[in-house]
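Across the two complexes that follow, subunit A remains constant while its partner is subunit B and subsequently subunit C.
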Partner chain A sequence: MARTRLELIEKIEGEAEVLYEYEGERISFAQIRFLNSRHIEKILQGREPLDALVINPRVCGICGHAHLIATVRALEDCFERVPLSQKAEAVREMTLSLELIQNHFKWFYLTVLPLLGLEAPIQRALEPSRLAGEMIALMAGQYPHNSYAIPGGITGEITPVDLLEFRARLERLKLLFRQSLIDVDLEAFVRCERIEEMLSKEGDLPRAMRHILKRGWERVGQSLDHFIVFGGGGLFTEGKSIGTRLQESINLRYLKEEALEGNAAKRVSYRGRYYETGPLARAMVLKTPLIREAHRRYKDSLFSRILARICEVPRLLRYLETLCDGLDLSEASYTDPGPFPASAQGTGIVEAARGSLIHRVTIEEGRISRYQIVTPTQWNLGNGTRENPCPAQKALMGLQRNDPAELVFKAFDVCSVCTTK
Partner chain B sequence: MRLLWLSALSCNGNVHSLLNYPQYEQWQKGFEWLYHPLLPSLHTFEEVEDGVKGCDVLIVDGTLEQNLLKHRRPFSELLERYATEAKHILTVGTCATFGGIFAKGEAGRTGVHFCGEARRGEYEWFWQKSISLPGCPVQPEALAGTLSLLAAGEPIPLDELRRPKYYYAYTVHDGCTRNEYFEYKIDEHRFGTLEGCMFYEHGCQGTYTHGSCNKILWNGLNSKTRNGQPCMGCTEPDFPKEGLWSTPKHMGIPVRMPLGVPRRAYLTLAGIAKAFRIERFYKPLMEEE
Partner chain C sequence: MDRRDALAKMFSAKGVRVNTNRGEAYYDRLKKMMQKRLRELRESPAATKVDIQKVLDAEGLSRRDFMKWASAITAMLMLPASFTPLVAEAAELMNRVPVIWIELQDCAGNSEAILRSDSPTIDELILETIDLEFNETLMAAAGHQAEAHLEETMKTFKGKYLCVVEGSVPIGAGKEWCTIGAKAETFEEHLLKVAGDAAAVVAVGTCATFGGVPAAAPNPTGAVGVQDIVKGKPIINIPACPANPANITGTILHFVLTGQIPELDHLNRPKFAFGYRIHDNCERRAHFDAGEFVEEWGDEGAQNNWCLYKMGCKGPMTFNNCSIVRYNSGTNWPIGAGHGCIGCSEPQFWDKYAYERPMADANIKAPTGGVEKSVDEFGLGLLTAAGVGIAIHAAISATAGKKEEEK
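What follows is the complex of A and B.
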């Protein structure tokens, strides 16, 4: 009879439980449980479509903005054609990117460093995430929980003064990245392909990665080596990657969602297979040099996973700069798309911090009749079987007594609130 | 002062909102977290379940649900244990205060002392030491500030829903940059502009919603209504209403009046205000001479 142990995973977004099964000192299987459901999908039923713009950011306190953008894209998809200005599109991309940045900083300093036993001053998490929040607020009124993106554009008008304030903070963010995470030129870091070069720099990122190497954990937490990215178009590219074998076209038709007994999170698969989504998946699809190198050496381990997330920050910062430079303030913020169709279906996809987020809405007689949300957590932290486990389960299986199981698990950036539907 | 934060059914929005408090690092020196859902704390959640000592202020966020189980113990058991010990109890966010969005998900979901507007009797025994801090999410200044005032032993004037008047005696309308359009009853508003008031067409509830959103700006900078989003009334017991983006009207007049304004008086006032027809409000602000 296998020994089992139930462990509470806390200090994520909410809490989760993992039921570990042991064979001797080795984890033979793990089941991940999310206990509560807030029934967001049910709450939306029967409501006017635009109400979803207010309800859905409240799916998640840290990824609420991603839910807003996914919602507005799903609603816009219900129209035959929505006249969206480039400005409105770019501003949405800006706020979305900023949400990723605040998430990555918080995750690295509040989750990862403490698990590595390294000093983690909370202001290194709080100052950049606060700045990112201010930059979102400049464009979107407030953060968290705003509803500034509406079908046809955005609610606000951006003045050159707003943009000045925005740029000043962007400079500060770039400085903070170099001061705390890694002291390297942004541009150079994006092109960097040598792990040794990254390790030789100053900063909390190389310090953490050196620590992982010192402990001999660099190959720990290998998973399925299957990656998927649904949200292309902006900074990221859609596609899937089995190991390094890349396939660029994917189709939502092959996505399947199944309810699981005793678990508030449904599991999802693509063509019957489980995939990892999130920063590592995005880097594999984008063929980010440094991450490909990490993957070549240590596969899809916690080393690659942590590095991939932080490597997104300079990319996002550069992307923000490009978006600012290209912004034509004389364009319209909003163009009225006309009345909402009485019956329609729409899909909205975004890359949230933790991975692909998919919203699907069905409108009948002017009301939401069905709303379906597939969150990144469902991909990464689903519950498969012993023979066919989901990514986080697979990463935990085979770990020995002295391996850092919690770190392996949390390297996926676990979120319980985004499963509670 | 020692704080213990318990989340029921929550999105963690209040937790992240507090992290945006501009003076957070300075502020936290006066406080110690016995437990916080995200930040380093003195105890683990399992220790909190087993019972820890020294809770001065209990912070509750999220919607209550009958038989809600956190990990090993019912949420209600934890709530009662720490409410007994705490000197003050803060219901933080609209969910913990009135039930909020998630209360719409299933029957039997409520706030701590309220189910929407109705008072619940269950936790009457700690009503006198409770303070309501609604908002979806709470404004960080309201949470951090209330805690600082409690730590300093300052008396805090409360309204009948036990909201601190320092933060909730205002309406969201107070300080909105679009106020003149409201005052002169200019009922045209288009999204994506600096001009116009959303009270007449787009469901703005700012004139009857208690909150400091336009007095203490969000993230130190902005607010929904300044940005051109209607106030959705997220601090109020009836949040979220249905049909949030349009203004319910009766004979062309908004059904709900600004706080404390009788309908008849409003009609008279509206007639006079409209008669001014001030030209500058009909031009874009940036073109006004």
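What follows is the complex of A and C.
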């Protein structure tokens, strides 16, 4: 006889409900519900297009910058062509990457380590977050919640002094990465393909991964093995991967959103299938050596998921360095794209910390008539059926009573704030 | 009020005029009162076992770093420098005053801002010493366990704790959707419960103070601020999106120091933080006065950090200390990155202020030689309706500030 137990998960951000169904000692099914909604999509209707630049960062205090960049991209997409200087493009990539970095640090220290029962010095999350926040502020004014990106570029002038300050903090971030997460050369780590090599190093990452192995959890939390990445360009490539079978082209035409009764989050699918998005998906599409190796051994388990997320940090840090090096401060910050079209449609895609974030806007008679936001958590924590579950559900199904269910769930890093908008 | 009058008032108003020197007798009295309060606190039981000195030591921060921080806060609270040791002592006694932090309908942006507040000293102070008893963002304990902890803290420190609220309160149709905890209380019930036994309620961020983004038209969830729900309790509003962590720490410290809430303006905002307009202390003010404006993004003015008024800056009608305290440990602030102030600490700014466009039409001839004069040169017919709304509101804020000052 199936027993049903209601488990409330209060997570790092906001609130979700997970209803576990047990068959004996085994979780046979899990339903996921999000309870709260502010209806930002409705609030945007009828407003002037540029207002979205001020409202949308407030969709989420955790990944608000991703929402700003997605908004500006969606608005720019409404124009026939927007001449964007390389500088403006690069600065946006910089602030976006920093948001990812600080999210990764915080998730690892404030969520993962405590759930593993390991010592988790909060300072190791706070200092990098503070640095990343300051670096964003140097370029964008403040963090969280700024509106420095506008169709055609960015509002501010970056001075050589700003850049100097930026670089000084970047050096510190790199040092902190080595001191706290894993003590290896950034360059070498990005190329590393052997799990044993990673495990043999000093640092909180190998410590956590060794602990997972010791507890025998390395195969726990396997999910659909379907990955999707919508945001190409920059550091990531778009594509989908079923297991290791890669397909590069993605067409948003196949994305479908459906409302569910009693759930503030809509369920999304691509060509009728559910996909996992986020760092593991990005690594699978990019064929990151170490993650492919983890996947070969342990499939899309919590081991691979956690490792994939932290492995993004050194790549992002290196990316920041490349962007700084290539920055030509004499370029224009802003190039006038001309008057905003009276009616148009636009899409803006961003790879946020937790995965692909998609904004779609329709403008009619100079006003927003429709705004649609599809968030990463909608993919990962969708509420599917027993026969056809969504990624987190699938990962929970089949777990035994003493398996780390909460960790499996939170390895997807729930963010209900923006999911329910 | 006539539109022209309203505009003229807006630009000539002197702000709230905070009294920063109240005379020796006043400060002597204040000092005695604070000393007594701190003595009492020292004898009362701690809400947490964390010892600030140990925290500092563990992080390798010297006494000097700590005192430097304390003197900055003293200045921010508009106290004479001789109060620095008292402020430092209060910081050490912060663990005697539990803070219960609750999140309602929000984006978690305020707790995010706190998480990267100022130097590590303050992170420690906030996170470990003052003990955010029940911050849903920071808390490691989950679900039922956390709830039991909350109830216990409320009982033990009945009438003594500060209740800090982040997020708005949805009271419209569908509010039963917004529930919290295992007992599925609505946000309103949860707030009333926790605020009920608090010494004072601190509404942090524009959502908690005035409803914020969720309350933007058409306000789908019927969102309101804390002061619309909680009655018969002192309420301190610290608006802005996000609220500046320095202002939150400052308010809490003030409470520890005096057992009272800081002096407030007509919108319940602490005067130490909201006594001036952005415009009063803006680094681009000289350009405003000289009639040098950014007229288009990326133009010569933008490259030379000229005034953003014509690009929609709402600094002249927004009360907050961003221009002085700045954000992210004082690294920068929106105007520093070339974007006008969006007025995020004023009520209903989403509908009145948020527009990414000037409050007056950009075709207006650039005012030259003195501001007040220039107001007459403005082609008032060109003003947008929104612009006038803003102008009148600002004039009212300015007069309201004045009235209080006269009292």
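The definition used in the following text is that the second predicted complex is superposed on the first by the 419 of 421 C-alpha atoms of A that agree within 3 Å, B and C clash if a C-alpha of one lies under 4 Å from a C-alpha of the other, contacts with A are read in each partner's own complex, and residues count from 1 in each chain.
Just so we're on the same page, contacts are C-beta pairs under 8 Å (C-beta built on N, C-alpha and C of every residue); 3 or more make two chains touch, one makes a residue touch a chain.
Only a predicted model underlies this, so the values are computations on that prediction, with no experimental measurement involved.
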| item | value |
| --- | --- |
| Subunit C versus subunit B on the shared subunit A, clash or fit after superposition | clash |
| Contacts of A:104 with subunit B and subunit C, given as first, second, both or neither | neither |
| Touched partner set for A:354, first subunit B, second subunit C, both or neither | neither |
| Touched partner set for A:406, first subunit B, second subunit C, both or neither | second |
| Which of subunit B and subunit C A:92 touches, first, second, both or neither | neither |
| Which of subunit B and subunit C A:309 touches, first, second, both or neither | neither |
| Contacts of A:43 with subunit B and subunit C, given as first, second, both or neither | both |
| Touched partner set for A:264, first subunit B, second subunit C, both or neither | second |
| Those residues of subunit A which subunit B touches in one complex and subunit C touches in the other | 8, 10-11, 13-15, 35-40, 42-43, 48, 50-51, 53-55, 58-62, 64, 106, 110, 114, 122-123, 126, 129-130, 133-134, 136-138, 140-148, 150, 152-157, 165, 332-336, 417 |
| Subunit B contact footprint on subunit A (complex, rising order) | 8, 10-11, 13-15, 17, 35-40, 42-43, 47-48, 50-51, 53-55, 58-62, 64, 88, 106, 110, 114, 122-123, 126, 129-130, 133-134, 136-138, 140-148, 150, 152-157, 159, 165, 332-336, 417, 420 |
| Partner subunit A, residues of subunit B touching it in the complex | 7, 9-17, 19-20, 22, 24-25, 37-40, 44-46, 63, 65, 68-71, 101-102, 104-106, 136-137, 190-194, 213, 218-229, 232, 234, 240, 242-245, 286 |
| Of subunit C, residues touching subunit A in the complex | 59, 103, 105-113, 115-117, 120, 123-124, 127-128, 136-140, 142-144, 146, 170, 177-182, 212-214, 216-218, 220-221, 223, 241-242, 296-298, 302-303, 305, 326-329, 331-339, 342, 344, 350, 354-357 |
| Residues of subunit A that touch subunit C when the two form their complex | 7-15, 35-40, 42-43, 48, 50-51, 53-55, 58-62, 64, 102, 106, 110, 114, 122-123, 126-127, 129-130, 132-134, 136-148, 150, 152-157, 165, 264, 332-336, 406, 417-418 |
